[in-house]
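Look for subunit A in each of the two complexes below; its partner is subunit B in the first and subunit C in the second.
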Partner chain A sequence: MIKAILIFNNHGKPRLSKFYEHYSEDTEQQIIRETFHLVSKRDENVCNFLEGGMLIGGSENKLIYRHYATLYFVFCVDSSESELGILDLIQVFVETLDKCFENVCELDLIFHVDKVHNILAEMVMGGMVLETNMNEIITQVDAQNKMEKSEFSSFFSLYRRLSFSLPGRTGRHRLVLQVPLLVPCLP
Partner chain B sequence: MIRLLYPVHIFSCNLGSNPTALLAEALSTVLSPTFLSKYSIKIKHLMCLLNFLLSSLPPVMKEIMVRAIYCEMLGYQASVSYIHAIKLAQQGSVLEKRLGYLAVSLFLNESDEFLLLLVNTVLKDLQSTNLNEVCMALTAVSQMFPKDMIPAILPIVEEKLTHPKEVIRRKAVLALYKFYLIAPNQVQHIHSKFRKALCDKDPGVMTASLHIYLQLVKESPESYKDLTVSFVTILRQVVGGKLPMDFNYHSVPAPWLQIQLLRILAYLGKEDQGTSEMMYDVLEESLRRAEMNHNITYAILYECVKSIYTVYPKAELLEKAAKCIGNFVLSPKINLKYLGLKALTYVVAQDPNLALPHQMTIIECLDHSDIIIKRATLELLFRITNAQNVTVIVEKMLEFLRQSSNDYSTVDLVGKVAELAEKYPFIKQDPLNLCNGMQPDIPNNFLRLLAEGFDSVEEDRQLRLFAVDSYVLLLQGETASLPQCFLQVISWVLGEYAHLRPDQASDPGKVMRLLTRLLDQRHASAQTRRWILSALTKLCSSPVESSLFSDWPVRLTAVFRGVPQVDSSLSFLDGHVSEALAAGAAPYKPPHQRQEELAHEKALSLEPYGLSLPVSLSTCSITDRLTDRQSPTRLSISSSVSGNSTELSLKGGSTTLKLDGVKRVWGKEGYLVQQPKEVVEETPLPPTELPSPLGSFQSPVSQTQTASPGPEPDQERQQLASSLFVGVGTHHSVCLVRSTACQSLRSSGHFIIVCCVSSPQVSCVSGDLVEEVKGHSVATCQYAVVMMRASVDVELAGLVSYQRVPGQPRATPFSLRLSLKHFIRPLTVSTGEYGKMWLSFSHDVKQNLRLITAGDQSPLTATLDTLRDRLHLHVVDIIGSEGIVACRLLRGQPCLLHCRVHADSLAVWLRSPIPEFPDSLLYHCQKALAEA
Partner chain C sequence: MSPSVRLQEMIRVIRGARTQGEERGVIQRECAAIRAQFRQADNGTRSHNLAKLLYVHMLGYPAHFGQMECVRLIASPRYNEKRVGYLGAMMLLDEKQDASLLITNSIKNDLSHNSQYVQSLALCTLACMGSAEMCRDLAPEIDRLLRASNSYIKKKAALCAVHIVRKVPDLGELFTPAARSLLCEKNHGVLHGAVVLITELCERNPDTLEQFRKVVPELVQIMKGLVMSGYSPEHNVAGISDPFLQVRILRLLRILGRNNDTASDAMNDLLAQVATNTDSSKTAGSAVLYETVLTVMDIKSESGLRVLAVNILGRFLLNNDRNIRYISMTSLQKIVQTDHNAVQRHRGTIVDCLKDQDASVKRRALELSLALVSAVNIRSLMKELLLFLSSCPPELRAHTTSGIFNAAERYAPSQRWHIDTILHVLTTAGGDVRDETVPNLIQLITTATELHCYTVHKLYRALITDISVQSLVQVACWCIGEYGDLLLRGECEETEPVQVTEDDVLDALETVLQSHMSSPATRGFALTATMKLSTRITHNVDRIRSIVSIYGSCIDVELQQRAVEYNALFKKYDHMRYRGSVCGAPSVIAKLPEYLLGGSGEPVPSSGLSHTVPGPATSTSGGDLLDLLGGLDVSPGE
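Let's turn to the complex of A and B:
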């Protein structure tokens, strides 16, 4: 079973967190911090599996992560999941995001948390892998997007525009957030 | 805050004109993620604002809710928005509903009372005609639903199992699974429906139902054995590509489904031969089909290998799986290497031999830059620990511990080291190094170990003394970095055992001074101080000069006040020191000097174990093994038997080497020069003239012991490998030998022949040891050589001493290799006797051998005849495609073979009362058949 799915950036700022088991608010934050601490220490050329989180780790659980541009995607799973299977699931997830957002970048995840959650809900339900076929996931999400268009709200487009005119934001920062998470093809 | 609220305020005043757009802009600014993190907004204020916005501005509720989700994720508890989320789910349009459900599932958990408000909404949505609403409700239900309310919605969810839409059926299955996890009793009655889901025409629904079955089968495999056929059929169809193309991922058919099925099969086939037999074919097929071309196929392969090793073993499959593991371990891809190590860890429990071919890779992994790989390697080593390699492995673990930071793996590893320390008590000094014992029970275990002690009083004393010494040394150094619990352990040990120190009598105050110093230090916690004080109290029971305590009132007051006073020059001790010196006490020794002494002491403390094989010595036999697989267990020599010790007579059937009464000729340093009695009497052999005795024995030992100053890294690794893998793998057993060992030396003159034959596995029964050879005659000495432990082959070596001219002793070493073949004799038994014996033997080995085809004979007969001729086996009977064969070791135990023709190979099952015999015999059978 998947216990949690976390996405955070290179600085440890959470961008998405979904827990399939109940933890208290504080524990959740601690888990994010600890996971970031563990994952960020690792080089690029090491394996994608981690054991050893105090909170969510233990001998049963495992962290499986991938690093894309500015974001880390971390899945915390128990022993009933296949490590390599989850690794590919992350890839499917990111590819799906890439398709839905067209060159997905960190900013998309910030301003469309709900959308990302909805995509995730089509893939993983209650900690169980529901669907692994990207096209199927996109079909489901599209069906909902149609619904959305019919009830179009004017604010939606506003966000993107506004996000660039926020005070105190340097151009560089913006660029960093917009680095597309180039999705490499798995071997 | 005021500044922040200001724009909002402005906009709310302008609500009349175009409120929503403006408001949205303001909100975006205030609640934007970047803004939130930039200014540390007081949460209370933020939540007030949120509440205000949510309750007063329904039109933009959706946007605000997304922000609230974001706040919550960042760790600001947006509890004010919970009720609004529920409202959104209850009343909103489809889109708002979705957001509402999402927010609720992120905000609330199963035990939240708010959820009760949602039950009705869920009920309504489940019955809705809008598919999207049903989906949302099912998703929300599977994320969080109050346990008590499950009965309320259960019938409706059940109903969804027959819904025409496949998505809904699938989600319903998973929702039911979730219910099963939360409250197993309530879904008991729908197990039949799960079966229906398993047979669903849509593979997606079937996949979802496998989640349930994985769990169910894991819990009670017995109840689901009947489904094995179904799972096997499904897997066969999937592997065979019968699923629609939609299910392919990188042209692999439904890989996740395959993984799931393989896991289920593993649970079903575990320790169940009948069930396992049903799945051999399909396991083999998936192993074959999964060509190594993509990440996901490795995932399938890995599962497949694990399943093969979990189910009832089948030789061919195991062989293939082992090869597969090899590919993983050797892969340059680090993820695969990791999984390979994991797989090895999993399988070595069954067959330690599997680790042997990968020794060098494992050694490389030990030095890998990735700490996870290192950790996995240590885990693997932990599994293959035995009495011989435990020291090296523990050393490696401690090395790892010293580098790693304080996290889960450290705790875990410390636990493992402690476990090993308890299991193999001779690594006594290692637990002491566990100074970073993070787990509270580890110091406790260690103290128990110290207090209860081992079997021998002397060993206990040694260990305690070592503990005291090393702790005293530690206290003399910098103590600030030591963990509190370790300081407590130190105090306890010093309090209990400081009296063991040899210098304690002369300088009783020393330990006390160290403890006092510790007491004064700022970093010692109150708890630790209590331990220190109680240790000091214990120490006071021995007579100590009162001068030591002259300033204690002050000191204790300081301690109680928690204000440490440190007199770094220890001036208050001056009087005491001069007094002690005047009384003849040894002057103070600086730490480095003491360290030297301590090191010396350490070396000495090895003495009681001198008799056991030093690691480096056993190393040599295994180093050989690396290069020469033919002799898995070579002789390793600890002491040799001198030829004239006639007490060593062989008692038939005894399989251990009796060293009692045998003169020790070989010591740690090598040959202990000792003259045989006869020689000494006549003409003493000057030791210098002896050519390096038994060079063939000694040289490998000395090589490994005196490694060249700058050894090649490879060599180092090999050495490490050999010490790590010593004792892992087959221990070839039992056999007694009829010796053909006979060495004759022809020469003119006068001979005195003294034979030294040595080996723990072979013992020599000698006849006359001294013979005179006159003229050109030939003296033949015949010795019966008996193998004490069975092995594929043994090396027999000895030394012939002779005198050509009286007064000029010479010696010639000789060695010869004897194979197990020489020791095997046919065992003539009837089929009935065979049957009885078969049942009583406990050690067995199964293996497939190749069949030999020869002329008009049946392959079985031909093969068995070959074995009979080459290995002196007795063919008891051949019935149809089965044959039974028996043999025994010379003057020793029997071994029975049961052979069955299976496809194009011969499945052989060997049984013997001695553990190593079947393995060794099997090796020779293979060789004999290969040569035939």
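Let's turn to the complex of A and C:
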């Protein structure tokens, strides 16, 4: 079972936090800080597995992480999950995000947290892996977004439709942070 | 307006804040506005506000006032509001909140909704935070969805059923027939969910496990299809067809084949096929191979297959990729108990991994090395472990020292080797050893009578080099106090003799007493040792007397008590002190009860001195003297 999925940047700011077990708000923040502390100490060419910190269950749980440009993707799992499988799952997740956002970068995740949650909900449900086929996931996410948009256009026809372009695309602030997220595929 | 736009504006403002204080201010203002709007009637902005609240919650600010809003939004007919409401429910609500019960009805209605996306929202939320009551209420609905819906809903319903079974194990029987029929589906997502569900059911209930043994042939068929099929673009990951599903099926086969010959026979061929045909150059292939190996080792497989599996693990161990090496060591750890000899063959590689730079790999290698220690390899392996100890990362030290001690206790080839090993550990990492190391070591030394001379020489040398490691200093003081005469005699067969005068010894003990690095317990040891030496040396008794009397006014109560009592021995019972002490310390009774070791942690042997002073009349304070051979009175320290 996956206990938590965390995405945070190189300074420890959370970009997505999804817990599949209940913790209090304070504990959640502490877990994020502790995980960041453990993961940021690691070198670039060591293995992607770590024992979990004390708050999230100690040595029975593992942290499986990947570092892409400015973001860490961390999955905290227990012993019933295959570690290499989760490593592949992270890759599938990032590739899906890339497809959905077109050259995804950290800003996309910041400003579209709800969309990322929706995508994640199609992949992992209740702490268990639901779907791993990227095309299937994207199809479903697109269909749901269409449903949402159709509600708006019918209900809010009075309002002028704002362009649904994402902030980076209008070219207003291309920050240095916008480095393409994907590194070359797995060896 | 889509909720995303308003949310983005707020995010922009928050990011514009330059200090933490400014950010807090912005968020407080936003939260106040959100709270006010929640109280008002519906004005079309509820979903925006909840989305903002969830963002703020992720950053760590309190968001509990949004819980009722989640309930309201879930009940709304509009999809976008439902969506945000359900997301909020998953993030803010849990079983302990009362509000979670209120959404049960909404979920029930949504499970029968026309739109599959609304159904999926409800399923997702139930699977994430459904309480036991909610699960009980809604289980029949989930069962219905498992049987008659499209594949999108079926796969979600399957995982929801897993959650229900985890919360309310009795409901497992309800889902068993549906789970069985799901195996006939073609859709990989549904198959995956079905396999997870069956795995959960089998793990919970042995009867269900029996039932599902009959589906082993079906599972084998599915696996064969996956392994032998050509390239299929939809499920392909790095050349392997749906490795996620393959791994899940292999795990289920493992559970079904455990301790059962028929089931294991049915899978032997398949496992051999997978093991030989899977390409392990990429992670996906390695994941499948790894799972295959674990399955082979766990079921009753033929010996040829087992050998193949261990060889695969050995190949993994030599892989350049650190991830693979880590994984192979994890799996070797699982089988080291049952297939000890097979793992022993790879001992060399494992010991090399101790020197790897990666802390995770080091940790695995350490665990495995400690598990591989046996009477045959204890000397060579211990050398490696001691080498590792001198350079190991701090978080692993305590574990390493206790592992070394355990191994030494079980397989020590000789007492001298044992003592040497413990002393080596104390010198390298004395600060990280367990508390009971000191009394254990003392007991060990006492029993090794022919090594007293050697031990006391070694400890003396260690003492004059470095007095910062408390455990080592304590043992050294005790030893010098007990066997000081052997030290002063100067001759020893096992180590080069060194001329030690009485002054040297007393200097060393005094240094310990006066050093600010010594803990109170260590000082106690040193003082008692000094006192004991008064009967073993001839010339400097006055010096000892003066040392002891100085501590009679020490600020530490424990030391003061001891010093005063020792002084009393000098004054009133001088005649008995010498005569009684000729007996020396009695051999320590093994496994002394806890209370004898008392609050000061000082082991009983040092009160061997008190044993020589007869009668209760000599006690000054603190109760009766301990009488080792008679009744055991409780007396903290002496």
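One rule holds in what follows: the second predicted complex is superposed on the first by the 159 of 187 C-alpha atoms of A that agree within 3 Å, B and C clash if a C-alpha of one lies under 4 Å from a C-alpha of the other, contacts with A are read in each partner's own complex, and residues count from 1 in each chain.
What we mean here is this: a contact is a pair of C-beta atoms (placed from the backbone, for glycine too) under 8 Å apart; a residue touches a chain by one contact, two chains touch by 3 or more.
None of the values given here were measured: they were computed from a predicted structure.
In the superposition on chain A, A:Q29 makes contact with both subunit B and subunit C.
Using the contact criterion defined above for the overlaid structures, shared-chain residue A:L87 touches subunit B and also reaches subunit C.
Within the superposed three-chain model, A:M125 lies in touch with subunit B and with subunit C [touch as defined at top].
By the touch criterion stated above, A:D43 is placed in contact with subunit B and with subunit C alike.
Residue contacts after overlaying the shared chain place A:V113 against subunit B and subunit C alike. In the superposition on chain A, contact of A:N135 is made with both subunit B and subunit C.
Of the residues of subunit A, those at positions 14, 16-18, 20, 22, 25, 28-29, 43, 45-51, 82-85, 87-89, 92, 110-111, 113-114, 117-118, 121, 125-126, 128-133, 135-136, 140, 143-144, 147-148, 151, 155, 159, 162, 167, 186-187 touch subunit B in one of the two structures and subunit C in the other.
Put simply, subunit C touches subunit A in their complex at residues 1-5, 7-8, 11-12, 15, 44, 51, 54-55, 57-60, 62-63, 78-80, 83-84, 87, 91, 94-96, 115, 117, 123-124, 127-129, 152, 155-156, 159-160, 162-163, 188-189, 192-193, 196, 234-235, 237-238, 242-244, 247, 251, 282-284, 286-287, 290-291, 321-323, 325-327, 330, 357-361, 363.
The touching residues of subunit A, counted against subunit C in their complex, run 14, 16-18, 20, 22, 25, 28-29, 32, 43, 45-51, 82-85, 87-89, 92, 110-115, 117-118, 121, 125-133, 135-136, 140, 143-144, 147-149, 151-152, 155-156, 159, 162, 164, 167, 186-187. Chain contact summary for the complex, subunit B toward subunit A: residues 20-21, 24-25, 28-29, 32-35, 37-38, 60, 62-63, 66, 69-70, 73-75, 77, 93-95, 98-99, 102, 106, 109-111, 132, 138-139, 142-144, 167, 170-171, 174-175, 177-178, 204, 208, 211, 214, 218, 246-247, 249-250, 255-256, 259, 263, 294-296, 298-299, 302-303, 333-335, 337-339, 369-370, 372-373, 375, 407-409, 412. The touching residues of subunit A, counted against subunit B in their complex, run 13-14, 16-18, 20, 22, 25, 28-29, 38, 42-43, 45-54, 57-59, 80, 82-85, 87-89, 92, 110-111, 113-114, 117-118, 121, 125-126, 128-133, 135-136, 140, 143-144, 147-148, 151, 153-155, 158-159, 162-163, 166-169, 186-187.
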